[in-house]
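Data block below; observations after.
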Amino acid sequence: MLSYVLNRFKSAIVVLFVVSIITFFVLMIIPGNPAELILGTDATPEMIEDLHVAMGLDRPLYQQYLSWLLDLFKLNMGKSYVYGESVKTLIARSLPVTISISVFAMAIAVFIAFFFGMISAIKKNSIIDYFSRSIMQLGAAIPSFWIGMVFIVYFGVKLKLFPVSGFVPINQNFIKFINSIFLPSVVLAIGEVGTLLRIIRSSMLDSLKQDYMDMAKVKGLGAGKIYIKYALRGALTAPLTIIGMQFAKLAGGTVVVETIFALPGLGRLVLTAVEHRDIVLLQGLVMFITSTVIIITLIVDILVMFLNPRIKSFHQGE
Amino acid sequence: MRKNLSLIIGIVLVLIIITVWVMSFVFMPYNPNEMNIPNKFLKPDLQSEHILGTDNFGRDILSRIMYGSRNVLLVGIGSVTLGTVLGIVLGAVAAMAKRFANTIIMRIMDGLMAFPGILLAMMLVTVVERGIQGSIIAISIFMVPVFSRLVYSMILDTENLLFIKAAKSYGSTKSQIFFRHYIPAMLPRLITQFSSAIGSAVMIETSLSFLGLGIQPPFASWGLMLSESRQFFLVYPYLAVAPGIAIIITVLGFNLIGDGLNDILINRRSHNE
Amino acid sequence: MSDTVVLNNLHIKDGDNTLVNKTSIVIEQGEIYGLVGESGSGKTLTAKAIIDLLPEGLNYTADKIITAGKNMLIASSDEKREHIGKNIGYIPQNTVFYLHPMIKIKNQIGDGYIYHMNKSRKEAMEKAEVLLKKVGFENPKTVLNYYPWQLSGGMRQRCNIAMALMNDPKLIIADEPTTALDSTVQRQVMELFGAINKELKISILLISHDLGLIKHYSHSLAVMYAGQIVESGYSKTVFNNPKHPYTQLLIEIIPSLKIKKSEPLAEIPGFVQEKGRDADGCLFIKRCPKAMDICKEYVAEHMDDMQDHYYRCNLE
């Protein structure tokens, strides 16, 4: 079992390494001189040259990469030229927003997906089943920006139930906090519910076919016990893995929602960085977000392995 | 034979979009970029000259939708095609190559897959010039790992099939084997993946355009139309309806086709076993 | 003494295809009733019909189904559920996933007991330990803490038996309880069944394709072929005087220690048919050494009331 964990660690590190190479070198291809971009149009050639050397841009690429990588280890991601602050600070400031909506969105998606997924499987081919499966398909096809706009107009302006923009930190006012993240989280959840529902439904269907369902039935237990204690328990492995993956994916894909709802999160930072070609900021952001995705996926894989005692023992001999 | 509802609905939806696309070359009611300020903000009215209304510049929305379909489909289908071809090449090379090259290619694919989709696309768009070409390149790179992995594993799976061994035994060259035997075997799954990928590609493209990173004016894209409508959305909500629905129909259509084909494949496979 | 099981005229269909036809069984209180037949003869389906455990696609009808005193045909779902949980113990063929692989033995063996008998978890664990000891475990406490996949097939089967006994059922249905067990464990398990039948007067429906087993342990039996009962009655009677050719052949092929090494083991050529089980004629006709022309269209039923011996055959 330990060797399985170590193996996963090893591949995660390799992937991280590859990601860092891709991130660094892709962004270095940008046409134009970074120093020139930073200083703007009234800079003299000498100033540009000085900054160029000061930023270390005259060194061979691989050296630049290595020093960037080393800096990363020291958690130094450089200074954003758009904002003038250190990338680390910017990330720290924006992180709570993105985490809040990601977590809340996952919670909503999990709740809805488990509820409808289980019922769909138990009452296969009933009206609820068809309804759920349609939701599945629609959710994936509805553009988040579109539904976001619809929500803003309807719930925000017409019904005045929620604020249309802005983020209220959790330590300021809990109710206002929930209010400010509610709509964006629902929009995000709509995108994720479909996949999760599908997995839960199919896992449950498999679980319901197993022999232990006979056992539960013959013991004459009530519906709740039968479906939750026995059927659901046998159906959790796949959904949990997917939840982990989705959460990680969400964290990287909040740009659009943050833009619409004017939330100062990581996604918006990325957009700004892209718009202004702020390489340093972009490199730091991409590395940070992607590393988080990889690490979360790794943790989820290991957790799921622990949760399923049979898989754990399967690997125990290793 | 059991009717495959997903497939049918998917095909219908895609046909609708293709019709719109074809019509854009044959007959557009108005010039999509022609501004007509006095006529701005006309509400949709089936009786009037502007069936879907006009936008803030007085441009006819229906024409813009039709015009937009050209680019959305161009980017969507173009990027997936490019990604598929590259993916097939890389996957095949990796499968048939020696240990070292094989590992490098697959590790790079793993790395690419680790990036969340939009993030990768945005990163790539920073590097290339924004616009149609840029979007195609960015999205196609996003598609490559999926297809290369698919091809890689399919080649390894079928390597042991009898007809491959037979072909090898009478001395066909590697590329002959590849084109005449492997590709037909892999075609069903590739097509399924291709269709679903177009759904994702359109979604990413419209998101990019919405953010201003994709197709640029004077070209039209539904994502662009949505972002342009944002300022006026509170007063004129109808501006967002048409492009939104167009996107939904396209993405849903291609996704359903992909799902429907997938169902058929699974059923066929279990019959064969 | 009332009968534990009265099954009258059971039909089981899968769409248009008949699987079990005109089957009737009466199990008296406190007896071990053997249900014999080749695989595919419908024994398991019949047993499952008695306890409402048939898989969803199958339809069944019967004139009477009385299980452990309850009329199953008129009872509501909830009533049936409670009745079965309280009064019936079911021991399936030794399948790997009957016990839930992700749940420890202690957490699944007692939940029926706690639910139906209104007992506490502590009481359930105590009873489980007693029963596990009875089925031959020396360290019940350790077993309780195991997951099912940590136990061998025989051990799992014994856990199934203990679990079936938790509620002091009136009827136990044991489906091929000894297949896939090695012979020592087989013996143990069958001795156990004999013991609980004697001591606790529990009726047992014992399903097996092993006629030797049935001969040794059952009081009454029924022989099934292609979804029908071809012969039934007290075991002694049937074994002394088997009337149906199929029964006769089955008895002949019971391996005994007296077979010489050079003699081949006998077998009945052919196989059980899947379709056309609702035909009027005899279904055994293709494999029967004594078949007559009339057997194609008609089969006589004989019932000897004195001996309770029933058989379906045109021979006398």
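Each chain gets a letter, A, B and C, in the order it is written, and its residues are counted from 1.
Criterion: contacts are C-beta pairs under 8 Å (C-beta built on N, C-alpha and C of every residue); 3 or more make two chains touch, one makes a residue touch a chain.
Values in this document were obtained by computation on a predicted structure and should not be read as measured data.
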Legend entry - Target chain C, source chain B, minimum contact steps: 2
Legend entry - Chain pair with the higher count of C-beta pairs in contact (A-C, A-B): A-B
Inset, instruction - Determine, using the mean of C-alpha atoms as each chain's centre, which chain is farthest from chain A. - result: C
Inset, instruction - Name the most central chain, where centre means the mean of Cα atoms. - result: A
Legend entry - Between chain C and chain B, distance of the C-alpha-averaged centres to the nearest whole Å: 59
Legend entry - Geometric centre distance via CA averages, chain B-chain A, whole Å: 22
Legend entry - Centroid spacing, where centroids are CA-atom means, of chain A and chain C in whole angstrom: 54
Inset, instruction - Quick one: which bits of chain C touch chain A in the complex? Just the residue numbers, please. - result: 51, 53, 81-86, 88, 90, 92, 95-103, 108, 111-112, 115-116, 147, 149-150, 163
Legend entry - Partner chain B, residues of chain A touching it in the complex: 11, 14-15, 18-19, 21-23, 26-27, 29-30, 137-138, 140-146, 149-150, 152-153, 157, 248-249, 251-253, 255-256, 259-260, 270-271, 273-275, 277, 282, 286, 289-290, 293-294
Legend entry - Residues of chain B touching chain A in the complex: 6, 107-108, 110-112, 114-119, 122-127, 199, 203, 206-207, 210-213, 223, 226-227, 229-230, 233-234, 237, 240, 243-244, 247-248, 251-252, 255-256, 259
Legend entry - chain A to chain C touching residues, read off their complex: 210-212, 214-215, 217-222, 225, 229-230, 233-234, 308-310, 313
